[in-house]
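Okay, here's the structure, questions in a sec.
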Amino acid sequence: MDKKTYKATLEALQIELVKFQRHVIADGLRVLVLLEGRDAAGKDGVIKRIVEHMSPRDTRVVALGVPSDRERKSWYYQRYVEEFPAEGEIALFNRSWYNRAGVERVMGYATEEEQRLFMETVADFERIVVHGGVSLIKYYLDISREEQAERLGERRDDPLKQWKNSPVDAQAQDLWDEYSAARDAMLVSTHRPAAPWTIVKTDDKRTARINLIRDLLSRFEYDGRDGSLLDADPDVVFRYDQVADGKAELSK
Amino acid sequence: MDKKTYKATLEALQIELVKFQRHVIADGLRVLVLLEGRDAAGKDGVIKRIVEHMSPRDTRVVALGVPSDRERKSWYYQRYVEEFPAEGEIALFNRSWYNRAGVERVMGYATEEEQRLFMETVADFERIVVHGGVSLIKYYLDISREEQAERLGERRDDPLKQWKNSPVDAQAQDLWDEYSAARDAMLVSTHRPAAPWTIVKTDDKRTARINLIRDLLSRFEYDGRDGSLLDADPDVVFRYDQVADGKAELSK
Amino acid sequence: MDKKTYKATLEALQIELVKFQRHVIADGLRVLVLLEGRDAAGKDGVIKRIVEHMSPRDTRVVALGVPSDRERKSWYYQRYVEEFPAEGEIALFNRSWYNRAGVERVMGYATEEEQRLFMETVADFERIVVHGGVSLIKYYLDISREEQAERLGERRDDPLKQWKNSPVDAQAQDLWDEYSAARDAMLVSTHRPAAPWTIVKTDDKRTARINLIRDLLSRFEYDGRDGSLLDADPDVVFRYDQVADGKAELSK
Amino acid sequence: MDKKTYKATLEALQIELVKFQRHVIADGLRVLVLLEGRDAAGKDGVIKRIVEHMSPRDTRVVALGVPSDRERKSWYYQRYVEEFPAEGEIALFNRSWYNRAGVERVMGYATEEEQRLFMETVADFERIVVHGGVSLIKYYLDISREEQAERLGERRDDPLKQWKNSPVDAQAQDLWDEYSAARDAMLVSTHRPAAPWTIVKTDDKRTARINLIRDLLSRFEYDGRDGSLLDADPDVVFRYDQVADGKAELSK
């Protein structure tokens, strides 16, 4: 997708997002969009485009840092629950409780017992959240090893992306296979009817952003909706079932 | 139980509570004691005796008021989750999320849909809380119709208990049967292995307090524990199974 | 004061407190009662009697612990401001921002620069708080060296008061003179028209509690007020001016 | 300033902002940048450019909405204090406690008594905040009547700026003179040595953004600082003294 088409398409979708938000506010929806994926998979970038023209008072980007002492001593889900959207709000979680199944597992920050407990409870947790009226949408952003290498390299050299560099990133390539194994275990265990996973291929940033937004909007009805803009490319965005059924593959 | 015996027994149990708290802190337990029951069933009174000599910094009494506007728009369990005990803490919930199955049902504050959803999700909610390492102990304080009438009458006339009077109380006797039906529905649906209900007969305040504390302490091991103090009277404190099995009765 | 008279007087005053609270709620007052004083000076005890029959939802006891990491990095007054009473609320601060002028100074927890800054800003801080509509009442509870020694000794042996013992207490007697000097510096610098200090002699617990409550109530008008109960003993409760003028003395 | 120059200059300044933030974190500074100004004066726009490449975890944009019921009953400054930066943090306040001297005055949301109290206390408040170690920087963004009219018109028609339209905006032009009078009263009373006002002329968005960032950075020393980038245009950014001395004018 060339730059000009991308810009025009993005702007059209951002206008749709504005209409969508008006609907969320009017109908008192509680929307929680959760984005997982490896370092540099494009989470920040797509979130930035989604929120760019939305009302900051009704949109929340949640990117929780290292837990505080008190948080570490609390019920695991507590600090995430505190950031849940109220009626009329859209919350975008840049990483989430799935940290326990990803970085905490690979880097050894969580004990095996903690990981096991998480895997045992997360599906129930999400089910009661969804039954409690939260629209929970889970995206896994999938990047290839080569593309990640390139992006991490650029990031290291870019004076404007300094804050993105972390010691954990530095190991993203070395621990590629461990992260792949963690991802597979996570997806297979936590893809449930009440809270399924949607995969987004992100090697091409532009098509990734455009198609994720399309997919998000296509899930809702709202006034003035232009459905012709919302057909996502099935090679870029698809349900995890496709992987489970062998019809699609994740990066290796 | 005469006053003198009561005082001596209570003091001995309060010393046990102090030892118990030392254990909670040392081992980083998270203890959540939840007390439900009709108005005037004795929730405030027993909580007061439990916390009397405990460290205020490590003990929390949680009696949430009417939800704020924002809380009303949030996930139902959220404001309760925010009050969960961290490691080393004991939280005493004076009423809880079961409001939805009790006062909110009887007084019509919750829609039928909201009540149904609550009943469908509460067991799962408690299960993941318990699996997440919270020691959840649920007491239902059972008072008879006559005793409640007497206590509410005294309360109305006592210049020191003015704040306890509320319009909801005023209807506690008139709506006695509705509250009984709500209680029965609640207990039968939410008595689960992971989070069972314990019934406490509270028509006699002294024996109620003494025996609830005994039961609470008997569930834990702690240094210097004097087990001889902890035999609760099975006619005063018993698992809800006894009722389900027809071996005990609740007030009618 | 014998026990019987004490009990009767306290109960009468607690009834007044209930009327007072009704007034606070009806008129939307914001009442902040701050209690300072050495270890074992009786802060916990008088607070307990004040709140005993007040509405827990409208009364807050604030006893902040050691600051968290984040709090330590924040504006000094911030964590206290977060606990300020809203309209209709009474907050009782068991110790306060004056920690910086007391225990933090004596124990060396605050740098000299931090202490100096505190002393320079606290009067302004309190003035804008008072101008902002908070009824700020500051009590300094004064105990003698002998009485403190006795109470700390009892506390060490009392199985019900274990949580009160701390390493800081253990030095209260050894550092008696340092605490006296800190107290004197604090009182003389922070006794201002907008937020004066009231001294309470607490060697006799009963008269201390009774007279502090009398003094507190005598500052407000409220419905059904029985003024005959509210004459505080001027030898027990008095403005700090008395000390400044050489008409009263603090413990040495 | 043409677009190309603007983009290049902005990027160079954003690189400086990244270095500045590294310094804020390393030295544990607490930086509070407060932006006031009429509707459409450019507050959102400049904030967006400042934060664009900064670490989201250490940068906070604070744009408080209508106060909740509880906030309305609390000490006026409380909800602002809760958002103060901790050490290592930069907080950008999009509007602030000065609401009381601006929109609340003009729209009649605050009583005269409340406005008077605010004006009497705000200088003291800021002084203790500054003495407490917060780097408080206050910008007033000044737009002309014609430019505001144009921007509000564009905003009404732009499908991407819908959330910015509010009933208060709609009156911004009609109440132009009232806002001018409120601004003058505010600036003259609250321009103090400890917390002076800096004026930024914003009719030209690009020069406004560039020069505000220059001015902000020029106040701090930091590693790798390129001073040659930080000379702000004195016709665009200047201390309020210039206005008081008749050497500069604000929009009329």
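The chains carry the letters A, B, C and D, assigned in the order they are written, with residues numbered from 1 in each.
Here is the rule we use: contacts are C-beta pairs under 8 Å (C-beta built on N, C-alpha and C of every residue); 3 or more make two chains touch, one makes a residue touch a chain.
Note that this is a predicted model, so its numbers are computed, not measured.
Undergrad: Could you tell me which pair, A-D or B-D, is linked by more C-beta pairs in contact?
TA: A-D
Undergrad: Thinking of B-C, which of A-B, A-D or A-C forms a repeat of its interface, with over half the contact pairs identical?
TA: Comparing residue numbers across A-B, A-D or A-C, the repeat of B-C turns out to be A-D.
Undergrad: Averaging over Cα atoms per chain, report the distance between chain C and chain D in Å.
TA: For chain C versus chain D, the centre distance works out to 40 Å.
Undergrad: Between chain B and chain D, what distance separates the C-alpha centroids? Give it in angstrom.
TA: 51
Undergrad: What whole-number Å value describes the gap between the mean CA coordinates of chain A and chain D?
TA: Using C-alpha averages as centres, the distance is 33 Å.
Undergrad: Name the residues of chain D that each touch 2 or more other chains.
TA: Chain D, residues with two or more chain partners: 70.
Undergrad: When you draw the chains as points and link the ones that touch, which shape shows up: line, ring, star, complete, or other?
TA: Graph shape here is complete: every pair of chains touches.
Undergrad: Which residues, counting only chain D, touch chain C once they are in their complex?
TA: Answer in residue numbers: 28, 30, 70, 73-78, 81-82, 84, 86-88, 117, 120-121, 124-125, 127-129, 131-134.
Undergrad: Where on chain A does chain C make contact in their complex?
TA: 68-70
Undergrad: Considering the complex alone, what residue numbers of chain B touch chain C?
TA: My answer: residues 11, 14-15, 18, 21-22, 53-58, 61, 63, 65, 159-163.
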